[in-house]
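Below is one structure, written out as structure tokens; the observations come after it.
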Amino acid sequence: MPGQVTLQLESNVATLTLDNDGKLNAIDSVMWQSLRAHMTALNDDPALRCVILRGAGDKAFAAGGDIEEFPHVRGTVDQALTYHDEWVAAALDGIRACPVPTVAAIEGACIGGGLEIAGCCDLRIAGRSARFGAPINRLGFSMYPGEMAGLLELVGPAVLLEVLLEGRILGADEALAKGLLTRVVDDGEAITEADASARRIASGAPLVARWHKQWVHRLTRTEALTDEEKRSAFAFLDTDDYREGMAAFFAKRSPEFKGR
Amino acid sequence: MPGQVTLQLESNVATLTLDNDGKLNAIDSVMWQSLRAHMTALNDDPALRCVILRGAGDKAFAAGGDIEEFPHVRGTVDQALTYHDEWVAAALDGIRACPVPTVAAIEGACIGGGLEIAGCCDLRIAGRSARFGAPINRLGFSMYPGEMAGLLELVGPAVLLEVLLEGRILGADEALAKGLLTRVVDDGEAITEADASARRIASGAPLVARWHKQWVHRLTRTEALTDEEKRSAFAFLDTDDYREGMAAFFAKRSPEFKGR
Amino acid sequence: MPGQVTLQLESNVATLTLDNDGKLNAIDSVMWQSLRAHMTALNDDPALRCVILRGAGDKAFAAGGDIEEFPHVRGTVDQALTYHDEWVAAALDGIRACPVPTVAAIEGACIGGGLEIAGCCDLRIAGRSARFGAPINRLGFSMYPGEMAGLLELVGPAVLLEVLLEGRILGADEALAKGLLTRVVDDGEAITEADASARRIASGAPLVARWHKQWVHRLTRTEALTDEEKRSAFAFLDTDDYREGMAAFFAKRSPEFKGR
């Protein structure tokens, strides 16, 4: 059975599952293209509130790219450009561009391409025995620069180079201390905590989550905000959810947001 | 009694106290303008050596902006621009622009606008039970981008987004591990340690502290240093304090700096 | 006996030793120029695989610049420019520009110029009793901006300013938590672990290590990658080591890389 990326959509929370049975969910080229397509579609869904990414089963998030197909799918520079830029980097960029919060639920191996995917999510929640790394220096090739961007923004050049130069596998506690993870939970609890995180996110106003992502991303660019951008930061004033949030605050009750 | 920001000046160390009794020092619009005015005045004081920011009492640094006045003071985009850009962001920018070291002493609640203020200080010292967050997603509005800059520079996009998207309250140890704090001390000891930090700072040459802040801020801009800037980095050679520092070093005694 | 920087080259791993006996390896102007010259030569060696920097003995990595010569070697702005820009900053830039992985093995004092050197290495491995800081505020002069770049990229403005403004000495565990170190080992084991790290690095394909450093450094610049740069990221396809890496992977054996 070939690998696949499956989508489950429930209460406006999407769960994408990396699934490559018997290969620790290693991501093959069809899966990368499927992940890219899923993200393109999800990123256009105005009702979406949160995306959870996980691996099938509890042995791995994803053990890396599916190396067995490399001789066939990226033997030339042109093939490699298609594979790494149009499929892998584009899928990763699709995750980074996601307008709603993204949460990686990680059990077991989170290696190479799996680590790249996790590094593009907003939150990374891992079971204590999960392990992290990108030992491709032993395979004789370098990580494609277009695949490094998420990890570089997340942990900076020093930790990324540590991971790439030594090719060492890190445990979850060390990965947490180095900023690669948001939090560590007991084994088997990563998806439970990711669901709890999605509920925390969903209990807030949906547009506010989108605005927070939009503004934080905007501020990582150096140009000063224009007057028009500053005014647009107050678009919330015209929303039902702002009125509901304030009304609930003054009435000391929980708000019920509608996403408009 | 309305809220206020009080200034105490002793041995060239300024202490600014956020004080809004019965409201966990929630910062109202008058307090934001007062904070801005205090910073403008302090930033022009050539004798100033250090600024400590704290909350009145031991229950809170500041529990956030004073939400009760929001319906009155920021109902329109123009009002919101005045409130968030001219008052809040300008007060925060005044802290970031402070030419001398700034230390936040944090006990209890450090939420929303309180967290924004702490994030603009050079050092953040907190009691172990202090708590941190910005759960405004439940109020239906987003943090003004102009108020994010200090936190974004401090902890980067991943931690800032974690705080904003989940709206979770973090304890001091977790906040420390995530880079939101400089150090954690026993409850009730934050101001004691902030005073000790101010003494450490004051035992150094005052102009050197100003130069260190100036150069680190300069280097966060990407343009290469000009020859003139490079030469100006040696302005210390012409100061009494440099001669005193070297003389004390060779005589194996403590230096006595004058700030000139 | 004057201070010196000695070079030992073994199996394409260079070890540079800061050696100033009786002065905790304080780095004098001759040593800075020697360090710069060594880095210039090493950076041109296509066979080089790794550089380890260490202090002689087990009392210090380096306790700082050799302050005793300051009155003679940097009394004027022109002298200071030569000393700090042409000698110190150029030596540090030589370490940062090194095309192969650099590892600092740190026991004992790692202060001032010693901390600057360590901050320019890719990995920093320290014994548990090592200590870190830059208390030059008590000497009445400021760190030269050209010497701050490595530390600023490593830990960001907040931690760098904490170190400079308080002038406090940090233990290894605190330095690790603040991102100043890659890992902490038992006292006396820093060089052992640095050697183990060099072996991990050397077990990977040498060109891959160089490419990883090149691309991470490239991505810290903001301009988008050109098409030509993207294509050049697949130079590995033409190397014997890539073929060896893939062959070894499929044969489930260890690869033997040649660096070509």
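As written, the chain order gives the labels A, B and C, with residue 1 at the start of each chain.
The criterion applied here is as follows: contacts are C-beta pairs under 8 Å (C-beta built on N, C-alpha and C of every residue); 3 or more make two chains touch, one makes a residue touch a chain.
Note that the structure is a prediction, hence the values are computed from the model and not measured.
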Cα superposition of subunit B onto subunit C: how big is the rotation, rounded to the nearest 5°?
120
Counting residue numbers used by both copies over all numbers at the interface, does the subunit A-subunit B contact come out same (over half shared) or different (under half)?
different
Give, as an integer number of Å, the spacing between the C-alpha centres of subunit B and subunit A.
32
Hunt down the residues of subunit B that sit against at least two other chains at once, touch-wise.
177, 222
List the residues on subunit C that touch subunit B in their complex, please.
67-68, 70-71, 74-77, 80-81, 84-85, 135-146, 148-149, 152, 156-158, 160-162, 164-168, 177, 222
Can you check the complex and tell me which residues of subunit A touch subunit B?
101, 122-123, 153-154, 176-177, 179, 182, 197, 200-201, 203-205, 208-209, 211-213, 215-220, 222, 225, 229-231, 233-234, 236-237, 239, 241-246, 248-250, 255, 257
